[in-house]
Structures are given as C-alpha cells and as structure tokens.
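Quick heads-up: structures coming right below.
Here chain A shows up in two complexes: once beside chain B, once beside chain C.
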Partner chain A sequence: MNIIETKKLTKYYGKARGIIDVDMTVEEGEIYGFIGPNGAGKSTTIRTLLGLMKPTGGSATIFGKDITKYGPQIKQEIGYLPSEVFYYDGMKAIDLLKYSASFYQKDKKFTEKRIQELSGILDLDLSKKIDDLSYGNKKKVGIVQGLLHQPKLIILDEPTGGLDPLIQQKFFNLLKEENEKGATILFSSHILSEVQKMCDKVAIIKEGKIIKTEKISDLLENQTKRFRIETAMKADKKDFAIKGVDDLSITDNSVTFLFRGHLNDIMREIAKLDLANISIEEPDLEEIFLHYYQK
Partner chain B sequence: MNIFWREIKAYRKSTIIWVLVLSAITIVFLLLYPGFTKDVEATRKMLSGIPAAYRNALGLSLDNFFTIFGFLGYLFTFVLLAGAAQAMSLGTGIISKEDSGKTSDFLLSKPVTRTKVLTSKLSAALVLLAATNIFFSLASYGVARVVSTANFSAKTFFLISATLFLVQLFFWALGALFAVIIPKIKSVISVTLPTVFAFFIVSTIGAFIGNDNVRLVTPFKFYDYQYIIAHNTYEWKYVIIEAVCIAVAIVASFIIYLKKDVRAAS
Partner chain C sequence: MNVILRELKAHWKGILFWSLGMIALIGSGMAKYDAYQSTGQSINQLMAQFPKSVQIILGISGFDLTTAAGFYGLLFIYIAIMAAIHATLIGSDMIAKEERDKTSEFLFSKPISRAKAITGKLLAGFVILVIFNLVTTLSSIYMVQYFNKGASANHDILLLMAGLAFLQLIFFSVGAAVAGINKHQKSSASIATSVLLLTFILYFVINLNDKLDFLKYLSPFKYFEAHAIITNGLDPFYMVLSLIITVVLIASTYFTYSRRDLSV
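Take a look at the complex of A and B:
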C-alpha cells in the first residue's frame, strides 16, 4: 500500500518556485529519505503534505486520502517533527505534551504512558517550562510530541539539528523501533550520512523537482564507482573520454574519476595505460549527491 | 474544546487585570459623583465655561451631567477607549501569537481543521470579553446604586453598561481581521493602539465639529448616551450597522485564515 503518493504536486509562492511536478510514492513500512540542499523544496513538499500550505497544482494522497479534503483525519495518524521547534513559552513541557496528546483520538492513559516512556529514553525533564529548556531539550519535546500517539506515518524535516550524538543515536533507535512496529517514515535531510544510515529509499530533489528516486542500496552499489589510478607516466584526458566518466581529475601521475556504466568499457581503456596502482571504491551518498547536483 | 480552554487559561490573568482596571476607573469616578452634585449650580457654571464644542467632544452634556446616568455616560467615553484596547488586543493577539511565536507549525500540523482553530480562539476571546463585562457591570452597578441619590433604573444602567461589550465586539472582530491580514505581527500593541486611537480621534473630531455623519464610521459614536437615557433603548440603526461590520470582518477573517499559507519558521 502507498502511504504517500503525490502526482505532479506543485507549489508556487506568487511567481517564485517552491516545488514543480513532484511525483513521489512512499510505500508502507519504508524509511524514505528526501535529500537536497536548503531551498531545493524539501520543506515545501512536507508542508504541503501537512496542509500547512495549499498546493497550486497536482494532487497528493496520504493513506489513500486526498490531503486537501481529509487533512484532519489523515493527521490523526501522522507524527511531525520540523527542523526548528517552537512551543508556547509559558507552558511546562508536560503540559505542552498533554495539550499535544489532547488532539488525538487515543486513550489518555496510553498517551500519558508514552510521554513518560519517551521522555525517559530521551532523558527529558518534563517539569521544566519550555522557555527554560535548551534548544536540544526543546527538540526532545518535539520528538516526544511527534511520537506520543504512535503514528502510522512519521514525517521528519531535518530532525537532528540541536541533538547531541548520543541523543541522535537514541532518536534513530526510536525511529527504527517505530518502523519495526509498522510506522512509515519520511526523512528529509541534507545530512547524507543520516539518510544513508536510516533509509531504504531516497529521492533527490533539485530546484523544486525530484531528479532521482532510487533504493539506497542500488544507488550505492550498482551505479557509480570511484576510480583512483596511479600511472607510470602522466595520463591524458583523452584516455578517459568515454561515456560515463565524470568528475575527472588528473594531477601528476594520479587520476581520479567517477564512472557510471558497464565496467568492461572503462576497464578496456584503463588496460591500455601503464598502471602503477588502481582502486575501485563505492562512493558514499555524499559523492553521489554532489554528482547529481553538479550536473 | 482543547484549544478553547487553553486560550481561556492563557488569557485568564490579563483578563482579570482588565476587569480590575476598568472597574477601578469606573468606581473611582462614580465615587466622585456625590462631590459634583453637592453644589450643582457652581459646578454647572464652571463647566459652562468650557466651549460647547469641547464639551461635545468629551461627551459632556450639561443637560444631564448631574444625573447618575448622565455622569456615567460621560465616564463611558473613557471606559470605551480602554475596553476597545482590550478587545482589539485580544482579537488580534489570540490569533497572531501563533505566527509571532512561530507555533503555527505545532498547532496546524495537529488533526484539527482551521475552522475549528479559529472558532475556538474567537469563542475564547468572546467569553473572556463577556466575563470582563459581567464582572465590570456588577461592580459598577453596586457602586452606582450606592452613590445615586435619585430614582435608579437598573435597565438604563445596564443599557449604558452593555455599550462597553457592544463596542468591544466591533474591535474584537476588527482585531481578528487584522491578525489574518497583517503578516507576522510582532507587537500587538503597535497594531491595536493606533487603530483604537484613530477611531477615537475621528469620533472626537466629529463631535467637536458637530458632524453627525461621523457616527456611521466610528463605533465610539454608535451608542449615544443622551438617547439611551431619554428613550431607554438603543438606536437600532447603529446596532444593525455594527452587526453588519462585525459579520463582514468575521467572515473575511475565516475566508483568509482558511486559505493562508503557513511559511516555515526561521
């Protein structure tokens, strides 16, 4: 079952581009990464899905229901953590969380138990006022309010800012647990190592358009390879003028490049050189991401 | 009802302060009333030294200033000003604080319609204003009865007293409209006080120059105390004008709020 499905979802701010013709399908149980630099359209997509902004074109469904018609019903089963969290300063953390819980049709005892459990895991002091909490602790409040109703869909928009590495790890563990219980996760980030660690599938968004959607494993293993070659004599650019070579750099006797395509093609060319050393590596997600972005 | 109760709780203290301020102004002035009536002729002579235009601008009528209701009508010129500031601050602040405090993301990502959010907030503001008026009216009524020496009509008193609530309704609705139209209101006072004073100055200038048409554009002149005292009722033409203004402002607020994009907090 598709949990999120968008068809040509478009949002303009007046004449300014937000997102254009975004097609996205997130299946049940997936941890779906959404990567792109600031301003690419990640938050606009998420905010449109959540009904915080009205789409100017296209359509989107969550749990099979149109987001513009069934917003409140859909949001009963969504947990959302924005990149920056802001809450009511005069409230205590526990009061904010109880207020948050009051919006959901879940048993009060269940949400209260969840609040205690989650705040215990994250080491959050619930008796403090929101304005007395550090940014990291406010973020923990955000995590608890996003998960306290055990949502079927968790939407995270660059969620780890302000969290120390230990809490980040606990947070990722919590997400994995929720995912194992059946929750689907949409994870937006520009920190590629996070996405690589967490996600099954990833969509790369550039200038408001999704330019690539692929399984992380496919993206990492089957596509681009990083070649590092050392030659006895300085190589010529012409030696690598074949389709699929990218990011070519030749300095003295050292050559590095990314290659996408059939390995036999490039190996035939390399075999013509006087080789001193060669290594072929899987590029990390960051290299792949930059590869798409530099195009 | 969770949003409604949360707002009632959030504005509880400031409402109590407003009740105390409005009641204090009225009670202190009412306690001065016996002093004015001690030597009516001397006071009348003194007040008649003020040019008629100024007296009109201040809502001071020598015909009935020395009656409890005439005195109350004069006093209400200032009570309405304070009450309008409370109502507009409440109407604006209760909505705009989600934008200025950047809590719109939290609230509107919850399973609740925007109609319910706005209805809850405006209802809470309305209940707080009603509570203000109930406590204010009861406190003022008690003191007015004590200082009144002549026949005292409870109906006339409450007709005058209720003008506070009626004028507040106008500013409550206007505040709501401003909150949805003006993006990112950082200071509610910077929006509400100039607006309230602008209406007040218009009403004062209108009374000063004797232009009756000004009554159509400023809520401070919708309710003429001389008329209320004389007829024991309101001029319904102005009640209808106010009702239409409120309806337009509230409907427009809902239309705009329902369509409004919530930009990311930064």
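Take a look at the complex of A and C:
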C-alpha cells in the first residue's frame, strides 16, 4: 500500500517556484529519504502534504485519501517534527505535550504513558517551562509531541539540528523501533550520512523538481564510481571526454573523476591509456549528491 | 474545546488587567461627578457656553451633568473606545497569534481543520468579551449607584452596555477579519486598530459637520451614541446592521483563513 502518493504536485508562491510536478510514492513500512539543498523544495513539499499550504497544481494522497479533502482525518495518524520548533510562551513542557495529545483520538492514558516513556528515553525534564529549555531540549519536546500518539506516518523535516550525537543516536533508535512496529517514515535532510544511515529509498530534489528516486543500495553500489588514475605520461583532458564522466580533475599524471554509466564503456577507454595505477571507489552519498547538484 | 481552554488560559492575565483598567476608568470617572454635582446647574450652564464643536469633542453635548446618569453618559464614549480597542486586539490576536508566534506549524500539523481552530478561538474571544462587558456593567452600576442621589440609572446603564456589546462584536470581528486576510501577522493588530481609529475620527467629524451625516453608517460609534440610547433606547436598525457587519466579517475570516497558505 502506498502511504504517500503525489502526482505532479506543484506549489508556486505567486510567481516564485516552490515545487514543480513532484511525483513521489512512499510505500508502507519504508523509511524514505528526501534530500536536497536549502531552498530545493523539501519543506514546501512537506508543508503542502500537511495542508499548511495549498497546492497550486497536481494532487496528493496520504493513506489513500486526498490531502485537501481529508486533512484533519489523515493527520490523526501523522506525527510531524519540523526543522525549527516554536511553542507557546509560558507553557511547561508537560502542558504542551498534553495539549498536543488532546488533538488525537488515542486514549488519554496511552498518550500520557507514551509521553513519560519517550521523555525518559530522551532525558527530557517535563516540569520545565519551554521558554527555559535549550534549543536541543525544545527539539526533544518536538520529538515527543511527534511520536506520542504512535503515528502510522512520521514526517521529519531536518530533524536532528540541535541534538547532540548521543541523543541523535537515541532518536534514530526510536525511529527504527517505530518503523519495526509498522510506521512509515518520510525523512527530509541535507545531512546525507543521516539519510544513508536511516533510509531504504531516497528522492533527490533540486530546484523544486525530483530529479531521481533510487534505493539507497542502488545509489551507492551500482550507479556512480569515483575513479583515481595515474598515468605514465601526462594525462590529456581529451582522453576523458567520455559520456558519464563528471567532476574531472587532472593534475600532471593524476586524474580523478566520477563516472556514472556502464563500467565496460569507461574501462574500454581507460584501457587505451598507459596506466601506472588505478583505483575505483564507492563514492559516499555526499559525492553523489554534489555530482547531481553541481550540474 | 481544547483550543478554547488554551486561549482562555493564555489570555487570563490580559482579562485581569483590562478588567482592573475598566474598573479604574469608571471609578475615577464617576469620582469626578461628585465635584460636578456639587456645583448644581451652574456646570450645565458653563458647558452650554462652550462652542458646539468643543462640546462635541468633550462629549458633553446634551447631557445633564448634575445627574449621575447624565455624567455616566459623558463617560460612555471613553468606555466605548476602550471596549472597542480591547475587542479589536482580542479579535486580531486570536487569529494572528499562531502565525505571528510561529506556532501555526505546530497547531495545524495536528488533526484540526482551520475552521474548527477559528471556531475555538472565536468562542474563546467571545467569552473574553462577555467577561469584559460584565465587569464594565457591574462596575458601572455600582459606581453610578454609589454617587447617585436621584432616580436609579440602572436601566440606562443596561441599555448602554447592550449597545457596548454590539460595538464589541463589530470591532472583534474587524480584528479577526484583518488577521484572517493578512499574511504578515505582526501588522494585523496595528492595521485593525487603525481601522478603529479611522471610524472614531469619523464619528467626531460627522458630529462636527451635519452635512456628513450620510457617512454615519461607516462609524459604529454613531450607531450607539449614549445620548440617543438614553433618550430613545437602542435603534433596532443599528442593532441589525451591527449583526450583519459582524456576520459578514466573521464569515470572511473563515473564508480567507481557511483558504490561504499559512505563514510558517
């Protein structure tokens, strides 16, 4: 079953581009990464899905229901953690979390127990006023309010900012536990190691358009390679004018480049050179990401 | 219900301060009556010698300042402007605060429709207006009775407070409608109070110039003038007009706020 499905989802702010023709399918039980630089349209996509903004074109369903018609019903089963958290002045953390829980149909005892459990795991003092909490602790409040009703879909927009590495790890463990219990997760980030660590599939968004959706494993293993070559003679740029070569750098006898395509094609060309050394490496997601965005 | 309780909790300090302010305004205002009363008819004669425009600006036109009810009539315009400011600010704050304080992302990622959130907020605002009106009514009755030596003025006060309630509703809905349509919520309160100020200035301009009487429908302060209410009671036409304005503005709040992008 598709938990999120968008078809040509488009959002313009007046004439300014938000997102254009976004097609996205998130299946049940997936941890779906959503990566792109600032301003690419990640938050716009999420806010449109949540009904905070109205789409200017296309359509989207969550749990098979149209987001523009069934917003409140759909959001009974969504937990959302925004990139920046803002809460009401003068409230204690516990009061905010109880207020948050009051919107859901879940049993009060269940949500209160979850609040205690989650805040225990994250080491969050519930008796403090939110104004007095550090940004990291406010973010913990955000995590608890996003998970307290055990949602079927968890949407995270740049969730780890302000969390120290220990809490980040606890947070990721929590997410994995929720995922094992059946929750689907949409994980938006520009921190690629997070996406690499957490996600099954990733959509790359650039200038409002999704330019690629791939399984993380496919993206890492099959598609793009980093070549480092040393030649006996000084290398010539013309030798590497090959389809699929990108990020080419030649310094005397050393050549490095990213290659995306069929390996036989590049190997045939390289075999023509007088090679002194060659290494072919798996690029990390950061490199692949830059490879897409530098175009 | 959770939104109503949340808003009432958030506003309780404001309710307290405004209530104390109104009690102080009415108390200090009526305390001056003691001085006026002791002068006998000479104060009315003195006031009558003022140019008409000064009488209008001071709000003393047509009142017998030697009676507690007459003097209260003089005070009413000040009570009305305070109530209008309060109602405007409450109306705009209820709708604007989520975007202004950046909590809209928190609230509207919850399973609540914008219409339902508006309903909760407007109901909370309505409760606050009722409290304001009750405090004003009770303190007015008490203060006027305290200084009054003639016939009871309670009937007049209740009529004036009913008029005040209509004014509160109009300006509450003005505040809400401005915040409903305005995307830059930091300016909602100042835009809404500017509208209020314009209608208040218009009220004086119309009173100073009979030829501009046709503009009276644009200033709700003209609908509920103390002298007219004490003399003739509330005008059903203005009551209906006030309700129509309120309903139209509240409907526009729902319409615009539910359809636009939220500022997050």
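Note that in this section the second predicted complex is superposed on the first by the 295 of 295 C-alpha atoms of A that agree within 3 Å, B and C clash if a C-alpha of one lies under 4 Å from a C-alpha of the other, contacts with A are read in each partner's own complex, and residues count from 1 in each chain.
Operating definition for what follows: contacts are C-beta pairs under 8 Å (C-beta built on N, C-alpha and C of every residue); 3 or more make two chains touch, one makes a residue touch a chain.
Being a predicted model, the structure only gives us computed values, none of them experimental.
*Asks:* Clash or fit: how do chain B and chain C relate after the overlay on chain A?
*Replies:* With chain A as the common anchor, chain B and chain C collide in the superposed model.
*Asks:* Considering only the touch criterion stated at the top, classify A:Asp107 as touching first (chain B), second (chain C), both, or neither.
*Replies:* neither
*Asks:* Quick one: is A:Tyr87 in contact with chain B, with chain C, with both, or with neither? Answer first, second, both or neither.
*Replies:* both
*Asks:* So in the superposed three-chain picture, is A:Glu281 touching just chain B, just chain C, both, or none of them (first/second/both/neither)?
*Replies:* So A:Glu281 meets neither chain B nor chain C here.
*Asks:* For chain A, what residues appear in both contact lists, the one with chain B and the one with chain C?
*Replies:* After superposing on chain A, chain A residues 13, 47, 50-54, 71-76, 78, 80, 82, 84-90, 99-100, 102-105, 145 contact both chain B and chain C.
*Asks:* Could you please specify the touching residues of chain C with respect to chain A in the complex?
*Replies:* Touching chain A: residues 2, 6, 10, 101-106, 108-113, 116, 259-262, 264 of chain C.
*Asks:* Under the definition above, what is the set of chain A residues touching chain B in their complex?
*Replies:* The contact residues of chain A facing chain B are 13, 43, 47, 50-54, 71-76, 78, 80, 82-90, 99-100, 102-105, 145.
*Asks:* Where on chain B does chain A make contact in their complex?
*Replies:* Those in contact with chain A are residues 2, 6, 10, 101-106, 108-113, 259, 261-266.
*Asks:* Looking at the complex, which residues from chain A come into contact with chain C?
*Replies:* Its residues touching chain C are 13, 47, 50-54, 71-76, 78, 80, 82, 84-90, 99-100, 102-105, 145.
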